[in-house]
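Listed after this line are the structures, all set down as structure tokens.
Heads up, the next two complexes both have chain A, just with different partners, chain B and then chain C.
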Partner chain A sequence: MIDVFRIIFLRDLKVSLRRWSDVFISLIFFILVCLIFPLTAGDDQILLLKIIGPVMLISALLATLLSMQSLFKPDVSNGSLEQLVISSNSLAYVVCIKIFCFWLVTVLPLLFVSGFIAASYYVDQQSILIVILTLLVSTPTFVNIAALAAALTVGVRHSGALMALIIIPLTLPAMIFGSKAIEYSILGFDPTAPLYFLIGMMIFTSTLGPFVTAAAIRISID
Partner chain B sequence: MIKHNLKSECLELFRNDDLIFSDVSFDLSPGQHLIVNGSNGSGKTSLLRTICGLTVPSGGLLYWDGIESQTIDSNFYSYLAYLGHKNGLLAELTGKENLEYTLGISATEKDQYRIIEGFNLTEFMDQLVVKLSHGQQRKIALSKIVQSGKILWILDEPFANLDGKGTAFLISEIQSHLNQGGMLISTENTDQPIIDSDINFNLDAP
Partner chain C sequence: MNLRKIYKLGSPPYFFKLAILLEPWFLGCALLLISIGMYGGLFIAPPDYQMGDAYRIIYFHVPSAYLSMMAYVAMAMGSVVGLVWRSNVAFSFANSCAPVGASFTFLALITGMLWGKPMWGSAWVWDARLTSELILLFLYLAYILLYLSIPDRSKADRSASLFAIVGLVNIPIIHYSVVWWNTLHQASTLSRLAKPAIASEMLWPLMIMILGFSLFFFGIIMRRTAAEIMNREKKTRWIGSIFSEENDNV
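Coming up: the complex of A and B.
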């Protein structure tokens, strides 16, 4: 069990570090999309504080979407995914490790820069922590749902738009509660209630998601 | 030692209402080699993928040691090594890393060295797979099967792209695998089989 984790995790880590441009592109994309708003909307502090929640979450979702296509597609085209399907280990467990590694490599860097970006929206120190915390608990939901969409569309030639159509409605609850958590914190209310909901969503998607994704992979490579 | 056994009963597969193959029945025992013959497009690869469980058959059953191979009770996958047309190698990793990050390799270090040496791969193992030729990539993928220590090997056109020396080494490895009680299912589209088979299955036959 631990051996499987070590092998799959190190393998994916090494591959994604050698494909570093993919990781880098999604990080740059996130920063640029987030910074367009303060640059174009001008110095309107009230407006910026109002939109930061949705902007952050949408940018994080789109950045995830952008790099998610490389989670299963290369493995399908070179045949290594079918080798994982016929291995004696649970495919759901392997998928779980792959998603965790993806989150670590692609999404975690976004969290590091999100604090700096929030500062350009005039968010105060206390709320910056809540912004980071909100992203920390909502991105696993995004990644798990996006992984399911990626597994379903792995055989489709231009899967990007189709993936967006699958992901956006499914992630809407996490988006709404995430925006509310940030908004409450900025307005000086207690954001724990929406954060609890996000944590619940995170646990729900990351425990059930890999099983559904594994089933989708089996259908896709048939 | 348990005597393993792979048994197929009337496997059939339809794709969009077209019949790919039907009535595939065989009984494979240790040391036996099953060759699937047929012209291009006759469904050899589909049959192999069906046996592996990558494709769900439209009808028929497959038993490993008397238990249906796709049920949760079956330990079919602990004994299966499959190589299809795709090599299953990650282009961003070197040959060595590809072997290192493969699940279920049980060969000893000495054996691994012998197999790599036998396929004439030693000097290429530190290069990225993407920079190797098709033949060299195929050899790395085949060396993974040989090192896997699994009982049932399913190989789709194993000799495609191989040079003379690689072919000779693979034949000797397959012979010793069969002599040690292993099983092999392979496809060939030549009329002259490279290795003798115990069971021959022709998909062209009406």
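Coming up: the complex of A and C.
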């Protein structure tokens, strides 16, 4: 179990660090989408404080979507995913490791940057922590659902828009409650209730998600 | 014995013949019930003391909203059966539910807009239930597009079915969204069946309309499933024999 974790985790880490430009692109994409809003909507503090929650979550979702297309596709084309499917290890476990590694490499940098972006939106210090915390508990949901979409569309040539169509309805509850959490914190209310919901969603998707994703991979590959 | 009958449903020739047999009955009863319900709803039911006659669109709005969700549940159930037993009939069933369900969702949204314009003053409000219905439409579209974009039919069947099951998570959210974010949309009229918040002269045409719409839905589904089975099995012998029999009779 531990060995499987170590081998697959290190392999995925190595592969994604060698393709570091992909990781970098999604980070730059996240920053750019976040910065378009103040540049186009104007430097109005009240407005920016109002839209920061949705902007953060939408940018994180889009960045996840963009980089998620390369989670399974290269492995399918070079045949390594097939080897993982026919190996004796549980495919759900393998998928879980891959998703965790993806989250660590691609999404975690977004969290570091999100604090600075929130500061540029005039968010106060207390709420910046809530923004980061919200992203911390909502991005695993995004990643798990996006992984399912990626697994379903492995065989589709231009899967980007189709993946978006699959992901956005399914992540909507997390988006709503994530925006609520940030909004509450900025307005001075207690954001724990939406945060609890997000944590619940996170646990739900990251425990059941890998099984469904594994089933989707089995379907797409055979 | 009963179990064997259920297993028999999985055989394409048997289901095909059953569907062809049932379809006129479903559609005939649906036509009857919808005419009764329309008459009851448009002529017998009294006008609402607040909304006047405008409320009568409820006789289309509620049945289509109800069916938009029921079609999804039917689709997901067909998907489960298809995935578990690898049944082509169940996949055909699930597959034929999707466009019909999407149409009912669209109808529910359109009638809701037509109703909302005079009542709330605007055709669209970002109310939880409206939004969920819209999301349901997108789920249907995602299902259909996912199915269409995977070239291999067996893979497309199974991938889309998996998605349908995952999307079923959305149905409770639609249902409980009224409770979660209780907003502008009036609370569900039919949830308190024991003591309905609606006059009985208004209620019975509505129930009949719902029943009629459901039968209409199943009639359409029977026809679509039969067509889908025919399309999938066009190279087999039994489908050829059915048509040669018909030709002989003519």
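Just so we're on the same page, the second predicted complex is superposed on the first by the 222 of 222 C-alpha atoms of A that agree within 3 Å, B and C clash if a C-alpha of one lies under 4 Å from a C-alpha of the other, contacts with A are read in each partner's own complex, and residues count from 1 in each chain.
Here, a contact is a pair of C-beta atoms (placed from the backbone, for glycine too) under 8 Å apart; a residue touches a chain by one contact, two chains touch by 3 or more.
Everything quoted here is computed from the prediction, not taken from an experiment.
Peer 1: Could you check whether chain B and chain C clash or fit when both are placed on chain A?
Peer 2: Once chain A is superposed (C-alpha atoms), there is room for both chain B and chain C without a clash.
Peer 1: Using the superposition on chain A described above, determine whether A:Leu165 touches chain B (first), chain C (second), both, or neither.
Peer 2: Touch partner of A:Leu165: chain C, not chain B.
Peer 1: On chain A, which partner touches more residues: chain B or chain C?
Peer 2: Larger number of chain A residues touched: B.
Peer 1: Quick one: classify A:Thr192 as touching chain B (first), chain C (second), both or neither.
Peer 2: neither
Peer 1: Considering only touches as defined above, state whether A:Arg19 meets chain B (first), chain C (second), both or neither.
Peer 2: first
Peer 1: First (chain B), second (chain C), both or neither: which does A:Ser220 touch?
Peer 2: second
Peer 1: Regarding the shared-chain residue A:Gln45, is it in contact with chain B (first), chain C (second), both, or neither?
Peer 2: neither
Peer 1: Just chain B (first), just chain C (second), both, or neither: which does A:Asn78 touch?
Peer 2: The first partner, chain B, only.
Peer 1: Could you tell me if A:Asn89 is touching chain B, chain C, both of them or neither one (first, second, both, neither)?
Peer 2: first
Peer 1: So if I take every C-alpha atom in chain B and every one in chain C after superposing, what is the smallest distance between them in Å?
Peer 2: Distance of closest C-alpha approach: 7 Å.
Peer 1: What is the shared patch of chain A, the residues that chain B and chain C both contact?
Peer 2: none
Peer 1: Would you mind writing out the residues of chain A in touch with chain B in their complex?
Peer 2: 4, 7-8, 10-11, 14-15, 18-19, 74-75, 77-80, 82-89, 221-222
Peer 1: Could you list, by residue number, the parts of chain A that touch chain C in their complex?
Peer 2: Those in contact with chain C are residues 148, 152-153, 155-156, 162, 165-166, 168-170, 172-173, 212, 215-216, 219-220.
Peer 1: Inside the complex, what are the residues of chain B that reach chain A?
Peer 2: Contacts found on chain B: 52-56, 75, 77-78, 80, 82, 84-93, 97, 101-104.
Peer 1: For a test of understanding, state which residues of chain C touch chain A in their complex under the given definition.
Peer 2: The touching residues are 135, 138-139, 141-142, 145-146, 149-152, 155, 158-159, 162-163, 166-167, 169-170, 173.
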